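Two complexes, one shared chain (chain A), two partners (chain B, chain C).
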Partner chain A sequence: MRKYIIKQILMIIPTLLIVSIVAFGMIRMLPADAVETYMLANHLEMTDENIAMVEEKFGLHEPVVTQYFSWVSAVLHLDFGESYTSNQEVADMLWKAFKATAQLAGAAMLWIVVLTPVLGIFSAKKPNGWMDGFTRMFCLMGTAIPTFVLGFFMIRLFGVQLKILPVSGKESWMNYIMPSFALSLAHISSFVQMLRNEMLENKKGAFTLYANARGIKEGVVFRTHILKNSMLPVVNTVGISIGRLIAGTVVIENVFSWPGLGQLITKAILARDYPVIQAYILLIAIVFICANLIADLLSAWVDPRIRLGEKG
Partner chain B sequence: MKEQLRTEKWSVYLKQQDKRLRVITETDLKIKTGEIIGLIGESGCGKSVFWKSVLGLQNPAVWELEGNAWIRGEMVNFQNPEELRSMRGREAAVILQDPMSSFDQVFTIEQHFWETAKAHTNWSRKETAEKAVELLRRLYIREPEQVLQMYPFQCSGGMLQRIMIAIALMMEPAVLIADEPTTSVDVTVQREILSMLKELNQKQQTSILYISHDLRAVESISDYVYVMYAGYVVESFPVSRLKEENVRHPYTQKLLEARPSFTKKRLPVLQGRPPELMERQSGCPFAARCPMADEACKTFDMKKTAISENHMVRCRKQEGLS
Partner chain C sequence: MKKKIPFRIYIVSAFLLLVLIVMAFAPQLITHDPTAVDLLNKYDPSSLTYPFGTDDYGRCVFCRCLLAIRNSVGIAVSIETVTVLIGTILGMLAAYIGGVFDQIVNVVSEALLSFPSVILIMMIVAFLGASTENIILAMLMVNWIWYTRISRSLTLTLKERKYVQAAKLCGASSATILLRHIAPGLMSQMVVQFTMSLGSVILGLAGFSFLGIGIQRPTPELGIMISDGCGLIRTNFMVLFWPSLILFLIVLSFQILGDWVSERLRGRA
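And now, the complex of A and B:
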């Protein structure tokens, strides 16, 4: 297992290298000109002098390969450069936004961790009963409704009409309720369906028959054997979803004016703020790698077959 | 000899919408102390349904039971789920055909023993482990203390099969039900399991219901044989009569003919397959495959005929011949 973890961590290096090349390359291939963007944002006149000055400032007069290497060496020192539009340190901007998004994703994860088992058990206990019907309806809606529709609907209902929840900002814990729920709903829906199917499958499994044939109480069989075995694949998927939660906040943050990565990257893309976009891509790559690592560790923790290796 | 398990006119029905399909018909079966009973038949003949129904393992909303069953002379009350549960594993323990998937892969062997003990006794965890070690040693498992801490996927199929027997024996059940315990293990392990069951039976008077489609295994281990076809016990006799010239039902005869042997040049094959539940009609269910069948067989009421005191057959051709 330790070997496996070390291998996974070492794999991060080539992955990030490739991501950095792709991120850098794709941005250079964009039709818009960085110098122009900067000059517009800073109200500079389009003179040859000024253009030369800006190119000099960001090293844009050098060949692309040189630019790439100077960027990478700066990044290795955690220097992501300055934003073209706000003249702030990109690292600071990203870190602040990342914290806000991570808090939102954390709240969404809370919904997931609480609601998935509850709804899953609800529906698998008595398949085709009313609770199962309710859960399946819930999941169907959860997967079918686009996040922005749900977001606006919630704002309208809870924020404007009932006036019980704040519609934007992140001052108190009340602010977290709507955006985190909207963010988690699609995830919960797919996890619940997955858990339900696993449970119904395991109910018919040979180990369930054997446990029943040994006279073990029905409730114990359900809680230990059926539930635990059904949780294994779900735990892994939930771990992987951390990445999707953090990277998938673009719509939600714009709907709820959440000052996180999603808003930051939307603005950066619209303003062609290259240093921010590049750093964002790199950051998201790291987030995904970490999420996968966490998922693997979680799986190993709950499943002895992974921990000890089959036929170990 | 005391009876450990007995069923009388035991029928099992499967409810399907408005229909009520009969899966098992009036099975009279008994197992005495220290006896090994073989229950044989092709796949789909109702062998597994039989033991599951006797243990009350089937959902009463879908399955309906008729007739009576006794364990250690006491009638089983199938209306009481809690009574049934406490009977399972304690009075009648099973070993199943696929040990690899029957064990829960994420629980250790010790946890399997412990949860079984917890369901029926108030033994402490330590007590249970001590008993488990003792049982595993009796079943020739080396280093039982280490084995207890292992997960099922770390054990071999033969080992798991023996562990299953150990778990079954822990509660000293009236009867051990073995549902095709040798189908998923290789030939050497098959031998091992059979001789182990035989040894348990001889040393400790364990009564065993051995369910199989392997005629040779049944022959080598059983004292008495029941042949099941499409939910009927078509013939039952002491194992000494399991010879082509002694058995009376054409199905049993065909099964014996199809048994591989070095003296046979060509192996006769029993054509066809047992009827599906929906295909079953009145009369003898074997009539469609039977070389001796005639029109009257299609309306035969499957009445039992006694060939001798302990040899029964359900065949029209045998009526009046005894």
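And now, the complex of A and C:
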């Protein structure tokens, strides 16, 4: 197990190196000049003097390799520079936004972990019964409804007409209900479908037939033989979906004006705020690498076949 | 064994046919200029002249929806078609030629796959700047990966088939083998993939437009209309409701159709 973990962690280094070069190179190869963008954002006049000043400020007069290394060493000290538009420290902005997004994603994960098994068991207990029909309808709707449409319909119903849930802000736990549910719905739908198929597959398995032949109670067979085996691939996919969950926050945060990474990056793209975009690429790459690592470890933990190194 | 076509497929097909007609004849169907501002007619309720009412500029929501369907679905379908072509051809070539070319295609697609496509597309748009051309370019640059992988793995097995080997022995050129013996074998899988992902491409495009980094105003587009309407959610919900409902129904129809097509194909194989 330890060997496995160390190998996975060592694999991160080349990936991070490539991402850092891409993030750095992006600013260098911009179609729009970084100096120009900064001057426009700060209402500076285009004089030679000002251009030299800005170049000096960002260290643009040095050779590229030197710039890359000084940039990397700054990044390692968590110094991403200042935002072009708000003159705030990028690291501070990003950290605040990241916390908000992580909280939202965590709340969505809670919905997923609670609702997936419930709906999955609902539908697999009696295939083609009315509960199965309901769950399948729910899943079909869940994958087809755009998250922003769902978000607005929920705001209209619960926030404006029934007035039982707050529509924006993040002060109390009530604020989490709508955005996190809207974020999790598409994921829940795909996981439930997966769990249902797995369970129906396992129901036909030889071990289930044997357990039934031994006269074990139906409930016990369902729990220990069918449910447990069906959870394996689902746990695997839930781990992988952490990254997709964070990607999904981009739209939801804009619907519910959630002060997270998604809103930050959308504003940054529209304002061409390159230091923010650059730092975001690095951060998101690290988040995905960690999420993939967690997913790998999670599946190794639940599935002894991987943990004990059965190499196919 | 011939299976009966389920009832829902008839409904879905009828709806998609309607969408197709709207796309083809949108300019003839509209009764008002969709960009004409008429501030005296703000927030008209539904009526015979304005079936879906009017928005905050007094523009006819119905006419704007018709044109938006044409743009949203039309652009998404074009993107998807080009993506399938690029992806399939690239995958075929990678598998057929093999060697270094195959390795490069493989490494690049592996690297891109470790990030969600939404983030990749956003990063490309961040780099190029937000505009209609750039979102199309970005979606093309990211979406080919899946098709390449599928067509590559299919070609790898098709390449070993007896009839392909026989054609090779007869001295057929590589182009002939690829076009006449391998491409037809890929066709059905690609059609299924195409139908299945159409819904999500339409959804993705509308999502980016909603965020302001996709198709740009004043082109009427469903995502843009939803984004314009969201400020009216308390007062004039209907302006937001119609484009949302239409988008939902279109994506849902493609989803149902795609599921059915893939089920049929799996049943046959």
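Quick note on the criterion: the second predicted complex is superposed on the first by the 299 of 312 C-alpha atoms of A that agree within 3 Å, B and C clash if a C-alpha of one lies under 4 Å from a C-alpha of the other, contacts with A are read in each partner's own complex, and residues count from 1 in each chain.
Quick note on the criterion: contacts are C-beta pairs under 8 Å (C-beta built on N, C-alpha and C of every residue); 3 or more make two chains touch, one makes a residue touch a chain.
Small disclaimer: the values here were computed from a predicted structure and weren't measured.
When both complexes are overlaid on chain A, the residue A:232 reaches chain B alone and has no touch with chain C. Of the two partner chains placed by superposition, only chain C is touched by A:250; chain B is not.
Residue contacts after overlaying the shared chain place A:272 against chain C, while chain B stays out of touching range. Judged by the touch definition given at the top, the superposed model places A:43 against neither chain B nor chain C.
By the touch criterion defined above, A:149 lies against chain C but remains apart from chain B after alignment on the C-alpha atoms of chain A. When chain B and chain C are set side by side, the one touching more residues of chain A is C.
In the superposed model, A:220 lies in contact with chain B only, and not with chain C.
Legend: residue contacts after superposition of the two complexes on their common chain; A:212 is shown touching chain B, with no touch to chain C.
On chain A, the surface touched by chain B in one complex and the surface touched by chain C in the other have no residue in common. Contact residues on chain B toward chain A in their complex (touch as defined above): 55, 57, 85-90, 93-94, 96, 98, 101-107, 115-116, 119-120, 151, 153-154, 167.
Residues of chain C that touch chain A in their complex: 111, 114-116, 118-119, 122-123, 125-130, 199, 203, 206-207, 210-213, 226, 230, 233-234, 237, 240, 244, 247-248, 251-252, 255-256. Note for the complex: chain A touches chain B at residues 205-207, 209-218, 220, 224-225, 228-229, 232, 302-305, 308, 310-312.
By the touch rule above, chain A contacts chain C in their complex via residues 15, 18, 26, 30-32, 140-141, 143-149, 152-153, 155-156, 160, 243-244, 247-248, 250-251, 254-255, 265-266, 268-270, 272, 277, 281, 284-285, 288, 292.
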